[in-house]
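The following blocks contain the structures, represented as C-alpha cells.
Next come two complexes, and both contain chain A; in the first it sits with chain B, in the second with chain C.
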Partner chain A sequence: MATHAAALQERRAPVAREIPHTVSPGLWTLAWRRLRSDRVGMVSLVIVALFIVMMILSGAGLIASDWNREVGVNYAPPSFLGGETAAGASAARSGLPATETAPQGAEYKSNVADPIGDVIEKLKAGEAGGKGAKTDRGESQPAAAPPATSESSEESVDPLASVMADIRAGKGVEAEVKPIERKATLPFGGDKWGRDVVKKTIKGSETSIFVGLASAALATFLGTLFGAVAGYFGKWVDDVFNWFYSVFSSVPYLLLILAVAAVLQQKGVITVILILGLTGWTGVFRLLRAEYLKHKGREYVQAADAVGASNARRMFLHIFPNVSHVVLVQLSILVVGFIKAEVILSFLGFGVPVDVVSWGSMLNEAQNELILGKWWQLVAATVAMAVLVTAFSLFTDALRDALDPKLKGRAGA
Partner chain B sequence: MSGYIVRRIWQMIPTMLGVVLLVFILFNWVGGDPAYVLAGKISNQEQIDNIRRQLGVDQPYWVQLGIFLKQIVTADFGASWSTNERVSHILLTRLGPSLTVLVPLTILSTLIAIGLALAVAYVRGSLTDRMVMIVCTVGLSVSILVYIIVFQYVFAYKLGWFPVQGWGDAFFQNLFVYASLPILIGLVVSIAPDLRLYRTFVLDEINQDYVRTARAKGVAENRIMWIHVLRNASIPIITNLMAGLPALLLGQFLIERFFSIPGIGREVILAVERSDFPVIKAITVYVAVATILTNLLADLTYKAVDPRVQLK
Partner chain C sequence: MANDDIRGTTSNARARGVDAPSGDALVSVRKLRVTFRLDRSTTFEAVKGISFDIPRNRTVALVGESGSGKSVTSLAMLGLLPPENSIVDPSSQIVYGGRNLVGLPVSELRALRGADISMIFQEPMTSLNPVFTVGWQLEEVLRLHVGMTGRAARKRSIEVLREVGIPEPERRIDAYPSQLSGGQQQRVMIAMAIACEPKLLIADEPTTALDVTIQKQILDLIADLQKRRHMSVLFITHDLAVVGEIADYVVVMRNGEIREQGPAKSVFEAPQDTYTKALLRCRPQLDRRPVRLPVIDDYIHGTGPKHTEERRRGVRPSDPIVLDVKNLGKSFYSREGLFGKREFKAVKDVSFQLPKGKTLGLVGESGSGKTTVGLTLMRLHEATSGEAIFEGRDLLSMSPKAFMAYKRRIQIIFQNPYASLNPRFTVGQVLVEPMQIHGIGDSSQTRTDMAFELLDKVGLPEVSFYKYPHEFSGGQRQRIAIARCLTMKPDILICDESVSALDVSVQAQVLNLLQDLQDEFGLSYIFISHDLAVVKYISDEVMVMNEGQIVEIANSDEIYRHPKMPYTRKLLASIPKGWHGAAKRANDGSR
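Let's look at the complex of A and B:
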C-alpha cells in the first residue's frame, strides 16, 4: 500500500541513484528526514511534545493535582516582585467594579448577581487560614501583615460581622482539618483564592489541549469518513454529502457553535468536544472528497478491485494511506483552531463547567483582576497559550512542507 | 449573465431548506422541548401545556416546521423570550451599531493588509519579510480575548484615550468616540491573518511572465506592483474578503460584548446566555441566507474583476 506512494515519491525527486539495490525510503521516512532537517519545525515539535507530556502527566494526576488548594494569600503576588504589592490586595478588593462579571469560581458557582459573593469570599479566607493562622502569619511573615490588618478593620464596619462570626464558629471544625500555612508570595503569583497560578495554568493547559486534540480528532474523523464516502461512491451519495456540506458551511462557524451551545444545556468537557467536533468537519471533508475522487480511478485501486477487495477495504486500506498526509495536516490545523475556539467558549461561559479550569476561564478571571493590577494570571494563561499555538502553527507548516514539498514556501512563515 | 444568476438562485433553494431544517432540528429536537426551556423554573404542568400550545410544539413535527418556515418568510419570529421585544425589531436596531464598527474596520484592514502584503512580498525573503511574518505568526497565537482585555485596560482604563465602553445615539459620536478603540483592536486582530494570506496571493503573481514583460519594457516598479500585480492578486483577495463578510458580522461579537456595543454579535451572546431561542434562530437563518447571497455576489465580482472568468 505505502509502496505505491513511495514509488511516486521516488519519481518526483530526481535523485541520482547509484546504488540500485538499497531499499528505497517510504513516504513517511522521507517526510521525517525533511522534518528533521527543518530546524524551526523540530524546535516546535519538541515544544508541542512537552505540552502534550504535561497534559498527560497532569491528566494522570502526577503534577498539579493539588491546583485547587489555596496555598497563598488572596492575589499572592509573584515571588520575584516581593511582597510589597500584597498591601494592594485588600485595598483593591473593595474597589471591585460594579460591572464585574462573575469569576468562574472553583467550588462556588457564584454568578454576577450573587448577593452573598462577598460573604462567601470572606468565609473562604477565614475558613482556610483560620483565625490562629492570621496572627501567626503577621508575626512570621511581615509581608502579609497589611492585608491581615486591613481585613480585620473591614470586618469592624461590616454589618454582617456577627453573622460571619457565627458561620466561622460553625466552620471551626473544618478550619482544624485544613492547617495550610498561606504563603505571602507564590512563584508566579496566586489567584483570587490564593491558588498557585503555575499549577492552575498547567491544569488549564490540560483542559484546553485535551479539548483541542479530542475535538480535532472527532472533526477529522467525521470529515474523512464523509469525504471518503462521498468521493468514492460519487453519484447521489456525493450529492447528499455535498448538500450536507453546503448547509453546514453556509452558517458561519462561530454562530453554529453558539447555536449548538445554546441548545445543549448541560455543560461539560465532552459537550465542548462534541460542539467543536460536530461543527468543524467541513474543511476536511472538502479536501478529502477531492482526494478520493482523484484516487478512486487510479491503477492501484483498480488492481485492488480486480483481486476482489471490498469497497470498505479499498477506501480505508488502499486509498487512505495515500491521502493520510492530507488528513494529518488538516488535523494539525484544526487543533490550533479548536484550542482558540475553546478558550473563547469557556471565556463566555459556554465552554467547560466552572469547576474545570481552562485557559478561557483563567482569562475570564484575569479580566477583572487586571483592573485591580493583578496581571499575573493573565500573563500566565496568555504565555502558555501563545507558546503552544505558535509552536503548533509552525509545526503544522513544517509538517506540510515535509509531507508535500511541492507546497514549500507557499504559506508564509 | 441573468440566466446564470437565476440558475444560481434556483440552486440555493435546497441549501436554504437544509439550513432551515438544521436549525429546526437543533432547536426543536436536539435541545429537547423548547417549552421547558421557556418555562424555566416553573414546573407547573398546566403552565407548560399553555406554553406548548402557544409555541405550537404540541403539534406534529411537520406542522411545527411549517410554522417555522412561515416565520422565516414573513420575518416574524414573534417576541424575544426574555425581553419581549419583537425579534424583527431587535435585528433591525442591532444592525446599525454592528455596521458602524464593521464597515470602517473592513475597509481599513483590507487597505492596510493589501499595502503591507505588496510591500512585504516585494522584499520577499529579506529580513523585513521574515520579521513581519514572525510577528504575524506570534500575533495570531495570542487569543483575541487578550488583545481586547489589554487594549481596553491600557488605552481606555489607564491612559483614558478612549471611553472604556458605551454607545451613544449620534452616528458621528459613535463612529469617532465609541467605535475607534474597537476598530483599532479589530485591525490588530484581523491584519495578521489577512497579511499572511494576501502575501501568498501576491507572491503567486509576482513571478509571472507578465511582470517580467512589464519590467522589460520599463514600467516603473510602483506601477508594476499597484497596477499589474494588484489587479491579478485582487481576484483571490476579493473572494476571501466576500466569503468572510457574514462571519465578520459575528466575528466582532467579543468586541461588541466587551465594549457594550448594542450590535448583532452581542445580541447573539445575550441570546445564548438567556436561552432566547427565537433570537438565535432568526439570526442563524438570516446570516446563513446572507452568506449564501454573498457567495453569489463574490462570484459576480470575480467576473467583474477578471473578464477571463467564465461563469457556468
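Let's look at the complex of A and C:
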C-alpha cells in the first residue's frame, strides 16, 4: 500500500499540471462529508473530542494534576448553593434556616424534623470511635485550623495522607498556613477529604476514557484478527477459533471478568484494560468472521487470487478495507460499553486501585456520602459519564450512517 | 387532499381534450414523468414525460438498455415505486378502465394489482417465498383477489399449473420452490400472475436469468397464454432479439425518453431512429461476422459502421498448440449424514487443445461445468484429475510456488465487472498491483507509465487512473478488468461470461476490444458464454458442454451450420432469431 501511495504521489504531481483533475474522493472522504452534514453527529463528535482533549491534558499533567490536594473543608458544598457551610447545607435540606455559627453537632441535635438524623448520629458516633480526629474537626468551627494532632491520625484512613504530610513537611511554613486556606465552598463541592470534585471528575475522566479506548482497541484488534483468520481460512482453523469463542461466550460475562481479575491478581489500570480487552473480543470476532466468509467468495478476491496475490495480501490489503467500516463501528460501540464496564468494575471494587480516581470509584465513595446528603460527587461523576456515553452513542450512530448510507434508508423504510 | 388536487387537474385535462387517451387502448400512458430524489439537493429524472398505449389483446415490448427507465415505467403503472424517494409527476396519467392510476389511493391500487394487472419478475428464485409450498402461494392469490378458498382454490390452482405446463400438477402443487428447476419456478410465477385472469400481464425481463433453451419455452408460453386468455402483455427487455418473435408493438426507450414506437414490423424492418438502428445492428448475428461489430457511436455520429467485411475464422491442423488439456476432472463433495460424503462431478474427463492466437468458445447451459473448467485451469479450484500442458509442463500438478511464475501467463476476466474490481482500490492501484506482485517494471514510475499506456489501449482516459471503480459504467469497468489482465502480458485469457452482464451496445464495444487485442498481441482466448450468437462471432472453434462432459467440438462455422449431436441442435434451435428469424419462419411456414 505504501508503495502504491508513493507511486500515486509520484505520478500525481506531473499529471496535475497536464489535466486539471485530482484523485476522486475515496470512501473515507465521502463518509466524512456525510458525517459533516449530520448535525447531531457533529455535536456529539465535538463533545467526544472535548472529553478526549480533557483526557490528554489531564494525562499530561496540565490540568487537574493537584486533584489530590485537600483544598476545601470536608464535604465542602458547591458554591452555587451560596456561602453556606456543610452544616448550613444540611439545614437547608431539612428545610430550616441555616445557622452559620452553630456547631455541626448541635445543629443535628436541635433538628428533630430530620428523619435520618438518628442514623447520621449513629454513623458519626461510629466514626468518632474509629477516627477521633474527625469528630474533633466536625465539632470545631469549619474555618478554624484543626488541631495538629488531626494530621497524624488522619494517616490511618487516608492512603495519601503520608504523601500529603511529606509535602507539608517539605514546605515548612505552608504546613502551618495550609489548613487555614481550606475553603468553605468549592465550585462543585468537595469530597470527604475536601478535595475538589470538579478536578476529581476530570482526573476520573482520564482513567475512565483511557481504559475505555485502550480496552476497546485491544478487543477490536483481537476480534478482527481472529475473525479474519477464522473466516478467511475456514475449515479446522475456523473450528478452533469457534471453539474458543464458544468457551468465552458460554461463561457469564461478569464471572469471566472476575475470574481474569483474580488470575491477574494485581490491581491497576493496565489490569483493567487487559481484563476488558481479553473478554470483550467475542462480538467483533463473530461479525468479522461472517464478513470475511462473505468477502472471500467475492469475485474481486478471486480476481486478486488470479493475479497472484498472497493470502495475507488478500486478507489485509483487499478484504480489510472493505470491512473496515464494520470494525470502526464496532470499536465505537465497544468504547461506550467498556467505559460503562470500567465504572461497574471500579464500583464493585474490582477496578482501578484506590490511589487512582475513576468515575467508578467516585460512585463507590458516593454510596456512603449519599446517606449524609452529600450528593455532588455522585452528580458530577454521573453527569460526566452520561454526557460522554450519550454523545459517543449518538456519534456511533452517525458514524454508521455515514459509512453505510444504505443502512439508513433500509432502517427508515 | 393531494389526491383530490391531482384528480382535479386530470379531469380538467380530459375536459379540454389534451392528449386524450384513445378509447380502444387497455392502458394509456400519458406524459409519465418520474423523478428520484438522490439526496437532499439532487434529483434524477428517470422517466421524462413518455406517452404510449397498450392495446387490448396485444403484446407491447418495452425495449431499452440499463438506465433507460423501462422498469421504472412498469413499476409506476402498478404504483410500486418506493414512496420515500420517488415522485410521480401529478400531471402524469396512466389511464386504465377510465381511471387514472396516478394518485389513486393505495387500497384501490392493491385491489387492481394481481386481479386486473399482474406482474412477473426477472428472478423467480427470489420472487417466490421459499417457506411455503407452490400451492399455498397460488391459493393465497386466489383467496385475496377472488375470495376462492379450500377445495375450489386447490382445484383452480392445479388447473392453472397445468396451463403453464408444469408436469404432474397434482403432485407438484405440494412442492416447495426449491424443489423445482429455474424454468419451473418461472412457470409458477406466471401461474400466480394469470390465476386471477388479469387483463394486463407485465413481464419484466422474465427470461434474462434463464438458460437459452428455457427462455425459448417461457417465451412460447407467454405468447400462447396471451392468445388464449385474450390478455395484453407488456414485455420489458433489453434484448430486441427476444421480442422479435412475440411483440405486436415495440417501444424503444433510452435515458427516460421514447426514441421510437410503432408496430413491430416497421420498427424491425424500417427503423427510423438512429439509436434503434444501432441497437438492431450491434448484436452479433449468426449469419454474419464483420471484422468489427457496429457500435452505437457509429450511428449517433452518423459515420456508419466501419470494417464490415467478413472475418475468416477457424482452426487449421497446422496451428501451434499453446495449451493442451487432457482428461480434466473436478468433483465437489458435500457432507451427507455424519460421516458420509456425496460426490458431485462438475467436470468429467474433458480434453481439448487451445491453438495459439485463436479463440475457443465454450458453450453450455448453467450447470454444464463450463465455468468450472475455466476456474480449474487458473487453479482457483484444484482439479481432481487430469493435466494441462503449457510449455511442456503440467500446470495442475506443479507446486503453488512453481505455479506463481505461470500465474501471470494465464489470466481470467470475470462475468460481473461490478464485483470483480475491489471497490476500495483506485483504478491505478488495481493496475499497478499485479505488476508489483510479479515484479514487472523496475520502479513504480515505469509501472505507472505502463498503466497509463494500458488505459489508453483499452480506450479509457488518463484521469481514470485516479478514480474508483464505482465511477465507471459496466462496460468501462470491464475494460479496466481487461487492462488488469494485460499488465501481466498473459498468453491465455479466459473470458468467463465476460460480456453477458453488459448492455447490447456495450457488449459490442468490449467484443471489438477483445478482437483488437487478439490481432495485436496474438492472445489465445477461452471464451465461456451461454450466448451462442456471441460465441459464434468471436470463436474459431466451439466446444459444447452438457452435464460436465464435452458434447461436441468443432470449428465454429461448421458447428453452427452442421451440428452433429442432438443436444447441439436443440441449443441452436433455441436462439432467439429476432424479427428476421421470425419473418423467415413465417415465410417458410406459408410456403
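What we mean here is this: the second predicted complex is superposed on the first by the 289 of 413 C-alpha atoms of A that agree within 3 Å, B and C clash if a C-alpha of one lies under 4 Å from a C-alpha of the other, contacts with A are read in each partner's own complex, and residues count from 1 in each chain.
Everything below uses one rule, namely that contacts are C-beta pairs under 8 Å (C-beta built on N, C-alpha and C of every residue); 3 or more make two chains touch, one makes a residue touch a chain.
All figures in this text were calculated on a predicted structure; none of them were measured in a lab.
K.L.:
Given the touch rule stated above, what does A:Val53 touch, chain B (first), chain C (second), both, or neither?
P.N.:
neither
K.L.:
Using the superposition described at the top, determine whether chain B or chain C touches more residues of chain A.
P.N.:
B
K.L.:
Looking at A:Leu27, would you say it contacts chain B, chain C, both, or neither? Reply first, second, both or neither.
P.N.:
second
K.L.:
What is the contact status of A:Ala303 with respect to chain B (first) and chain C (second): first, second, both, or neither?
P.N.:
Second partner only, chain C.
K.L.:
Quick check for you: in the superposed arrangement, does A:Ile270 touch first (chain B), second (chain C), both or neither?
P.N.:
A:Ile270 contacts neither chain B nor chain C.
K.L.:
Under the stated touch criterion, which partner chain does A:Leu378 make contact with: chain B (first), chain C (second), both, or neither?
P.N.:
Only chain B; A:Leu378 stays clear of chain C.
K.L.:
Per the contact definition in the header, classify A:His318: touching chain B only (first), chain C only (second), both, or neither.
P.N.:
second
K.L.:
Name the residues of chain A shared by its contacts with chain B and its contacts with chain C.
P.N.:
On chain A, the residues that contact chain B in one structure and chain C in the other are 412-413.
K.L.:
Mind pulling up the chain A residues that touch chain B in the complex?
P.N.:
243-244, 246-248, 250-256, 258-265, 340, 343-344, 347-350, 359-360, 363, 366-367, 370-371, 378, 382, 385-390, 393-394, 410-413
K.L.:
What does chain A use to touch chain C in their complex?
P.N.:
3-4, 6-8, 10-12, 15, 18-19, 21-24, 26-27, 37, 298-300, 302-309, 313, 318, 321-322, 409, 412-413
K.L.:
Which of the residues in chain B end up touching chain A in this complex?
P.N.:
Residue positions touching the partner: 14-15, 18-19, 21-23, 26-27, 30-32, 37, 130, 133-134, 136-138, 140-146, 149-150, 153, 157, 196, 199-200, 203, 246-247, 249-251, 253-254, 257, 268-269, 271-273, 275, 277, 280, 283-284, 287-288, 291-292, 295.
K.L.:
Going by the contact rule at the top, pick out the chain C residues touching chain A in the complex.
P.N.:
On the chain C side, the touching residues are 40, 82, 84-85, 378, 380, 404, 407-408, 411-412, 414-416, 419-424, 426, 428-429, 432-434, 436-438, 444-445, 447-448, 462-463, 465-468, 471, 481, 484, 488.
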